[in-house]
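Sharing a structure with you now.
Which chain is which? They are A, B, C and D, in the order written, and residues in each are numbered from 1.
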Amino acid sequence: MSEIRRLGILTGGGDAPGLNAVIRSLAKAAMTRHNIRVVGVMDGFSGLVEMKTRELELGDVRGILPRGGTILGTTNRGNPFKYVERLADGSERVLDASAIAKQNFERLGLDCLVVIGGDGTLAIAHRLMTEHGLPVVGVPKTIDNDIAATDRTFGFATAVEVASEALDRLHTTAESHHRIMLLEVMGREAGWIALHSGVAGGADVILIPEIPFRMEPVIAKVWARQNRGCPFSIIVVAEGACPKGGDQVFQSRDETTGWKRLGGVSYQLAPVLKEKTGLEVRVTVLGHIQRGGTPCAIDRILGTAFGCRALELVLAGRFGHMVALRGERIDEVPIEQAINRLKLVDPAGQLVSCARSLGIVFGNENADEVLDNE
Amino acid sequence: MSEIRRLGILTGGGDAPGLNAVIRSLAKAAMTRHNIRVVGVMDGFSGLVEMKTRELELGDVRGILPRGGTILGTTNRGNPFKYVERLADGSERVLDASAIAKQNFERLGLDCLVVIGGDGTLAIAHRLMTEHGLPVVGVPKTIDNDIAATDRTFGFATAVEVASEALDRLHTTAESHHRIMLLEVMGREAGWIALHSGVAGGADVILIPEIPFRMEPVIAKVWARQNRGCPFSIIVVAEGACPKGGDQVFQSRDETTGWKRLGGVSYQLAPVLKEKTGLEVRVTVLGHIQRGGTPCAIDRILGTAFGCRALELVLAGRFGHMVALRGERIDEVPIEQAINRLKLVDPAGQLVSCARSLGIVFGNENADEVLDNE
Amino acid sequence: MSEIRRLGILTGGGDAPGLNAVIRSLAKAAMTRHNIRVVGVMDGFSGLVEMKTRELELGDVRGILPRGGTILGTTNRGNPFKYVERLADGSERVLDASAIAKQNFERLGLDCLVVIGGDGTLAIAHRLMTEHGLPVVGVPKTIDNDIAATDRTFGFATAVEVASEALDRLHTTAESHHRIMLLEVMGREAGWIALHSGVAGGADVILIPEIPFRMEPVIAKVWARQNRGCPFSIIVVAEGACPKGGDQVFQSRDETTGWKRLGGVSYQLAPVLKEKTGLEVRVTVLGHIQRGGTPCAIDRILGTAFGCRALELVLAGRFGHMVALRGERIDEVPIEQAINRLKLVDPAGQLVSCARSLGIVFGNENADEVLDNE
Amino acid sequence: MSEIRRLGILTGGGDAPGLNAVIRSLAKAAMTRHNIRVVGVMDGFSGLVEMKTRELELGDVRGILPRGGTILGTTNRGNPFKYVERLADGSERVLDASAIAKQNFERLGLDCLVVIGGDGTLAIAHRLMTEHGLPVVGVPKTIDNDIAATDRTFGFATAVEVASEALDRLHTTAESHHRIMLLEVMGREAGWIALHSGVAGGADVILIPEIPFRMEPVIAKVWARQNRGCPFSIIVVAEGACPKGGDQVFQSRDETTGWKRLGGVSYQLAPVLKEKTGLEVRVTVLGHIQRGGTPCAIDRILGTAFGCRALELVLAGRFGHMVALRGERIDEVPIEQAINRLKLVDPAGQLVSCARSLGIVFGNENADEVLDNE
């Protein structure tokens, strides 16, 4: 195992609160304890292809612990294997720029690359290692908490906290106005944010991608509540929730402009709910507020611990591995265990069962039972 | 002036953080200091027509100070002068139920009615007084801060705080992703929330109903920022903002369902901004989160002070008047001063001028100047 | 196993955010799903001795999820085995009232008692079971996170969040004034809150009971920071932190009144730090703010899940057991595994090592190394 | 009036949330709109005597709006008229360094000095103007809100918000444990923070310096609450509150070390309350958490507006004046109107009267009345 003198670090995919905690902890420990130079690769893998980098100094990572986002920039694009080049005439072409990425890695004199990202970003890192021999170490990142092989990811706790606070706020207005409030949260494939914030925020209905829903039990729940003097309901919807037998995700476009909008499933549900229950319905789409801003304490700690552990993996030459939370420990697992498979909510799992025992409806119940159970 | 023994209280229009502070303070002082019985009229004026009321006890108003919404319920409907009656066959008819309201007021044995509401609700109260002789005292309420004759209304500070925190969160994600983030806040006629939260949240562009905008200076601002190395921008839009020469409010409907959605103006702006600047654009519509939930300290204090002062007006027989904040004092003004006129943002006022001097664009600037000034 | 028809529930020891989540979830599921009557025993075990109880209805547990404290009341006293009776003449005597507790349990017609409490409370529950045959199920509770046999307890995340926010606030004032800010947090035996909030809040020094400290490395850290242009430092101190070779906990009393005060160790450190570093020092003792108020989302979820699982233990007749978090699962363990042993911070554990690699000083370092490492 | 080309700016006294908003707004507008160079004088007036300054660039003031503290540093010392010089032998001497300050002002090529500070700092600025002809413009700053001639100061709203949130947290723990919770907040001469946070936080007793208190009505209030089934109370104490006929401020020192501590008056009250009421009493001293950290929206807006207005005063040559909030306007007043007089709470004012009508006790009531009124 050769000595590490220069270490590259990049963040890819959507931002998540806690990214800066990882960068800070890894860079600080590398510089002060091991005399390793740290090079920030800007804007995800596109920075590696386009040689946009920045030598990090200690001053660059001071004070960034409470800051959301990533000081390195990030993007959902920039896959070197399918690099989109803009030509002079304004057209685009897709090419394999992975060899360029490899070349630039060498020109930068890097001994290792730490890649912080989700499923897609980690898959690219893995492929750069297997196909081009790049020594990579991974740090899993997803606001949705759906990466396999790690119990939790940073950013998730913050998103759940933000969504729960929104539910607290919606509760009082729902109650005062006798309304149904629909809150749509992130989660295209996995319903973790909806499930956790729904339980924390005292929701009446939680709709998640893992449990295709029918309208009958949802409406039955609203009725049952009205019957016992609660003429308002709170419904949390993951953006990827879909009706039984329906398409995976509702399309939602603005009528006049055709602009794609968040809130697809919610805006499908709203008119149906209004018609069937007679109650006013209001939709709130939480959107990017969930993923921006200062991380909560837990995410700062998890990000910090991930950064320290990633450096240990680097120093031990455990390339091709990524850090992972297992119980109370930060462990290591092969990156390939995390890619190409998602960690989904188990419809028969503990928290769903607990929620059901509290009367929370997931949309696959028998409507009669819902009425009786209230 | 006859003695007050029974006092009715109702909340009308949309809810606002601080309503419960008013109810608590008025009811607590009336009961404990003056031995006055307080009757809560439920769900705005509809409760008066339909005789839905509740005798308030001390226990009912304990612990409600930090709670959002209103324990009396509220609604945007229920105008007794245009009361919508649902008939047995499902059809509706509109009738003048104001005499019924008057009758019920007498049947309830009330000596006075305290009406907490906005422009519309106060206008009804005023008409009940002038046409039916109902002794009313008003408390102004609007999240939008657009009621004439009072410097501020409770709920506004909370809405501005919530919107500012959202801007703080959006800032880091905008910066990390080099995006334009559009935040749409409440304000159909008046841009107070947009102006205040935009200044507090460090926005680059603020679009308000009072200043019809053109796209050129907005785009010029985004370009100017990019030119000096800030490839992201934050735009705050009041829901009632409209382009110069355009319709008052953009329509926004879901393509497939036709459901009316919030975010009209934002979803018009987004595609244009994307096309003209080449940057990714994301829209967040803050919606009902602005008006729900626990009031901030300032709104609790203002609501409490309004409630105490309203009771003084009742005791002094100052019917037809409402409480109003003037500087640091809670004053009284005739209700008619508050109705049929809105308090709008002055485009030449201090805070707009201050914002302009900081480079914030309102959309009516000369695009060249915007570029030069950055 | 006989059927459960009436279930008692009590909360003992200091309050923790999330207690109401446990009560609500257990009571709601018991009543609506299993037709079990739930009896709240008031003010811990003293309610069992003195027959202060309250039949819980569904309405009693609605809306309590976001509320701190416990609707059942709690106390640090009331051990039935050492019950303190106040006599008519004002004097007190200690007697064994455990047989009375047993009798009352029977008079109340209870089939089981769910005890939510810390080490001490659970030990009493265990003894009531072994000595008097009371069928008990436990739910572990401690703000300090020091109960053995469970990975986490509810309330801890909220305490860490509150302490981290305090650190964020102290940071800016420390920096502006070039001061040392000492924040004292809870943790008499275990330093979990200090460790976690210190890492999350970017502290420079963390002093915990598990690592007896010397002043030299602490002062060396402050100097080292000054040498590189950071003339301010943040120190987090657990209330039970103690100097190497010193007493377990510093005494702190007010000079004039002799009133016992929080802040013992901090007020010992402050004058020494001031003298040795020449910097101004300010002490903040966070106190009861850490344990009151609305629980964060994670604690609401954990409390809810604990409540559901406790009911399962009751229904399965698993008396003498308590619920426990293990990784992502809610498990069961014999109560005796949790009592008479504390879960302490491992001075060689992952998070301490991570913190050290970031330059955080724990007070048992070599002062020269501290200076060199900065 | 000569043209302004170089402008100095300094912050003096204790920090307050919103200082950076003033600096940013003034510096940004000066640089971008008027081509004025801005020089930051570091650490209050001591920076002027010791020539510690920093040329501010636009980049220095970007992103500082949400940050607490002051990027210029500040101190409670550094009065040039009584400058404390440390000699080589470790001793100190006091000298008049005001001529040096004047000289340095000229050496720096400044055309004007904007001084942001409290009563004391503004008095120094005024004296530098009258005695040395320095052209100064003032911006009032005090967390305590006790500066005469301005309705409000920035930082105050944040302090009230932080204290109210602490009261919300203490409420639930007080209720669960049947305790008296004492919260001590800032306010040595004026009780504004205590009064406002006490009203917002639903306190039962508020003790402020402007109303010397007796223990009888305080104890009567606790009793009265107990009699009607509320065996807990919340007491807010300003640090400068004092008993009728007592010393201005209680001394509080640690018994063993003699270190001066916060919480003087609270630690005097606690043992008396415990003895007279039989309830447990807990003291929380909020301390520096009140003045650090991110400003709330209102303080960011007020700071921003003050900064813009101060620049207008500079440009108009209105030296010797300071900005001031009057109702909804930012006005100007002669600095001398603000110094040597404090704005105190009027014991007969609206908010105190309102609080009294809600049953809040200030300590100068007749104890019998307190008991009757509950």
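Basically, a residue touches a chain if its C-beta (ideal position, glycine included) is under 8 Å from a C-beta of that chain, and two chains touch if they have at least 3 such contacts.
These numbers come from a predicted model, not from an experiment.
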Set of chains adjacent to chain C and to chain D = none
Between B-D, A-B or A-C, which shows the same interface as C-D, counting it as a repeat when over half of the contact pairs match?
-> A-B
So how far apart, in whole Å, are chain B and chain D when each is placed at the average of its C-alpha atoms?
-> 31
Counting in whole Å, what is the centre-to-centre distance of chain A and chain D, each centre being its mean C-alpha position?
-> 42
Of all residues in chain D, the ones touching two or more other chains | 168, 294
Taking chains as nodes and touches as edges, what kind of graph is this: line, ring, star, complete or other?
-> ring
Tell me, which pairs of chains are in touch?
-> A-B, A-C, B-D, C-D
As the complex stands, chain B meets chain D at residues 25, 28-29, 32-33, 63, 65-66, 151, 157, 160-161, 163-164, 168, 196-197, 199-202, 294, 296-298, 300-301, 304-305, 308-309, 311, 326-330, 350-351, 353-354, 357-359, 373-374
Sites on chain C touched by chain D in the complex | 14-15, 19, 43, 67-70, 73-75, 162, 165-166, 168-178, 181, 250-259, 261-263, 267-268, 270-271, 282-285, 287-289, 291-294
